[in-house]
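Each of the next two complexes has chain A plus one other chain: chain B in the first, chain C in the second.
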Partner chain A sequence: METLANGVKIGEKPEGMEGHGFFATSLEKVVGMARKNSIWPLPFATSCCGIEFMATMGAHYDLARFGSERLSFSPRQADLLMVMGTIAKKMGPVLRQVYEQMAEPRWVLSVGACASSGGIFDTYSVLQGIDRIIPVDVYVPGCPPRPEQIIDGVMKIQRLVETESLRRRDSAEYKAMLNSYGIE
Partner chain B sequence: MVKIMSEKNTLALFMEESTIAQYIPIALMFVVAVGFIATTMLATHLLGPKRNTKTKLEAFESGIPSIGNARIPFNIKYFLVAILFVLFDVEVIFMYPWAVNFKELELTGFIEMVLFIATLLVGFFYIIKKGALTWEE
Partner chain C sequence: MELDDQEKIIEVINQKFDGDILQTEMLYDYLTITLKKDRIIQIIKHLYDHPDAKFQYLTTMCGVHFPDLNQIALVYQLHNLVSNLRIRLKIYLPIENPTIPTLTPVFAAANWMERETYDFYGVIFEGHPNLKRILNVEEMTIFPLRKEYPLEDQVREDKNDSMFGR
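The block that comes next holds the complex of A and B.
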């Protein structure tokens, strides 16, 4: 990684052909880089993890540094569903519809113990982890997790976004995975 | 003689050029502009990943089943209020340059402005009497 005189670090460029005044690489890498640095999250904040998320979006932790300052409250424009908080069983269908109506390709970040496993709410009314109704890409542990942990989760999502094959979502394996959740 | 000839030539050239052929670059620009938009939209629709299922294409109402149609008639008073706003908004816009040039315009400007505001005030009393601003009905 190259460091400039003012301390700004320049990220590494992907593998590719380089010459005088040009740089060529595969479409997949370019698309991956573009997607990775412009994730639009949909915050599905239902409880205290949502408060931690507010801190994450605030000036001190500033998720905008990762290209995610534009939150979307419509699933149509969102790439990343951030589920933060306890999901009651009655909330389940709502969460599921939000996921199903998101733009393709879509990722899911499960923040906190409640979203990941139901947490301390081991009761009849609480969904024991959102992965019972929608596929989850990255889990963030903690009750609630600190903003650093949420940022770590987002960075892990970025890694997935960057390295995902363009054909992954068309594969039979992926479709079978969605079908196992009852999603077309 | 030569000068006259050349003038005639330029005139002829000018008349020749002001034909439909002169507008070809503009037409070309229109074609490029429309073509660019059409190509990008077509390309994103063809190349972009999508999964059009029934649930996905449903109207989004925060995950709750939607009830009724969004296209319902609503109170026309909103329109009236919008029109009244525009009217009195313009009045205030006129007051700014008047206030800036208050000293130069002297008494004439003041009288003119009072007349202007008085006219609008008549209208203001008229709409109050007509009950345009009473909401609870």
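The block that comes next holds the complex of A and C.
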């Protein structure tokens, strides 16, 4: 990683062929790099994990450092669905509709014990993990997780975004996975 | 609550509904009157109108399941906002057929309280304008606060006795 005189670090460039006035690499790597550094999250915050998320977005932890300062409160423009907090069974269809309204490619980050597994709320009224209704890419454990953990989860999402094949979302496996959730 | 206040309220009920009171007791400084279920709505209306009672505010209304008695109790808590007196009225319904007329003509606030009681205990309030589930998902087939239904969602596989000591 290259460091400038003012201390700013420049990210790695993708593998490729370099010469005078040109740089050749695969489109997939360039798209992955661009997407990775401009993820628009949709915060779906229902309880205390949402408070930790507010700290994560604040100046001290500052998720903007990872290119995610632009929150999208409309699912249409969002890339990453961040589910933070207990999802009651009555909220389940709402969450599912939000996921369905997001355009591909889309990722899901499940923050905290409740979103991931129901947490302490093992009761008839609470959904026992959002992966019962929508597919999840990364789980962040904790009750609630600290902002560092949420950032770690976002960085793991970045890693997925960067390395994902451009054709993955067209693959039969991906469609079969969505169909297993009853999503077209 | 003063003794003469208690006697006055019991007297108001006995004037018109003699023999409906099954039991009276003071629980936590709260006059609790157990009544026969048949004329409960008329009794509450009477307590609303009578100048010695004037219980014109319905604090809350809820159900309690007693599996040993095979009964569901309904508890109405009333408040006189002028004299600041409160009473609790209790009736028991059989679990096989928990049916009772609605209180909504007397207190509009009873609407959601009765929906909640229906949602959790399956009590049918006859004449209720919109008796459907209020808090739980509409597809739910059970009445979750009846004791025969388990509290926990039965889908978790990560909990076992060796980890949780049950």
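Methods note: the second predicted complex is superposed on the first by the 184 of 184 C-alpha atoms of A that agree within 3 Å, B and C clash if a C-alpha of one lies under 4 Å from a C-alpha of the other, contacts with A are read in each partner's own complex, and residues count from 1 in each chain.
FYI, a contact is a pair of C-beta atoms (placed from the backbone, for glycine too) under 8 Å apart; a residue touches a chain by one contact, two chains touch by 3 or more.
The model shown is predicted, which means the values in this text are computed figures rather than measured ones.
**Q** With chain A superposed, do chain B and chain C clash or fit?
**A** Once both complexes are aligned on chain A, chain B and chain C fit side by side.
**Q** Is A:E28 contacted by the first partner chain B, the second partner chain C, both or neither?
**A** neither
**Q** In the superposed arrangement, which partner chain does A:D152 touch: chain B (first), chain C (second), both, or neither?
**A** neither
**Q** With the two structures laid over each other on chain A, which partner does A:D131 touch: chain B (first), chain C (second), both, or neither?
**A** A:D131 sits against neither chain B nor chain C.
**Q** Could you read off the angle at the CA centre of chain A, spanning the centres of chain B and chain C, to the nearest 10°?
**A** With chain A as the vertex, chain B and chain C sit 90 degrees apart.
**Q** Looking at chain A, which partner touches more of its residues: chain C or chain B?
**A** B
**Q** Which partner does A:D122 contact after superposing on A: first (chain B), second (chain C), both, neither?
**A** In the superposition, A:D122 contacts chain C only.
**Q** Quick one: is A:D62 in contact with chain B, with chain C, with both, or with neither? Answer first, second, both or neither.
**A** The answer is neither, since A:D62 touches no partner chain.
**Q** After superposition on the shared chain, which partner residues are touched by A:S74: those of chain B (first), chain C (second), both, or neither?
**A** Only chain B; A:S74 stays clear of chain C.
**Q** State whether A:K90 touches chain B only (first), chain C only (second), both chains, or neither.
**A** second
**Q** In the overlay, answer first, second, both or neither for which of chain B and chain C A:E104 touches.
**A** Touch status of A:E104: first partner only.
**Q** Between chain B and chain C, once the two complexes are placed on the common chain, what is the minimum CA to CA distance in Å?
**A** So the smallest C-alpha gap separating chain B from chain C comes to 14 Å.
**Q** Which bits of chain A are touching chain C when the two form their complex?
**A** 89-90, 92, 117-118, 122-126, 128, 132
**Q** Spell out the part of chain C that touches chain A in their complex, as residue ranges.
**A** It is residues 135-137, 140, 142, 144, 149-153, 155-156, 158-159 of chain C that touch chain A.
**Q** Across the complex, what residues on chain B touch chain A?
**A** Chain B reaches chain A through residues 48-51, 53-56, 58, 60, 62-64.
**Q** Show me the residue ranges of chain A that touch chain B in the complex, using the header's touch definition.
**A** For this pair, the touching residues of chain A are 74-76, 93-98, 100-101, 104-105, 169, 183-184.
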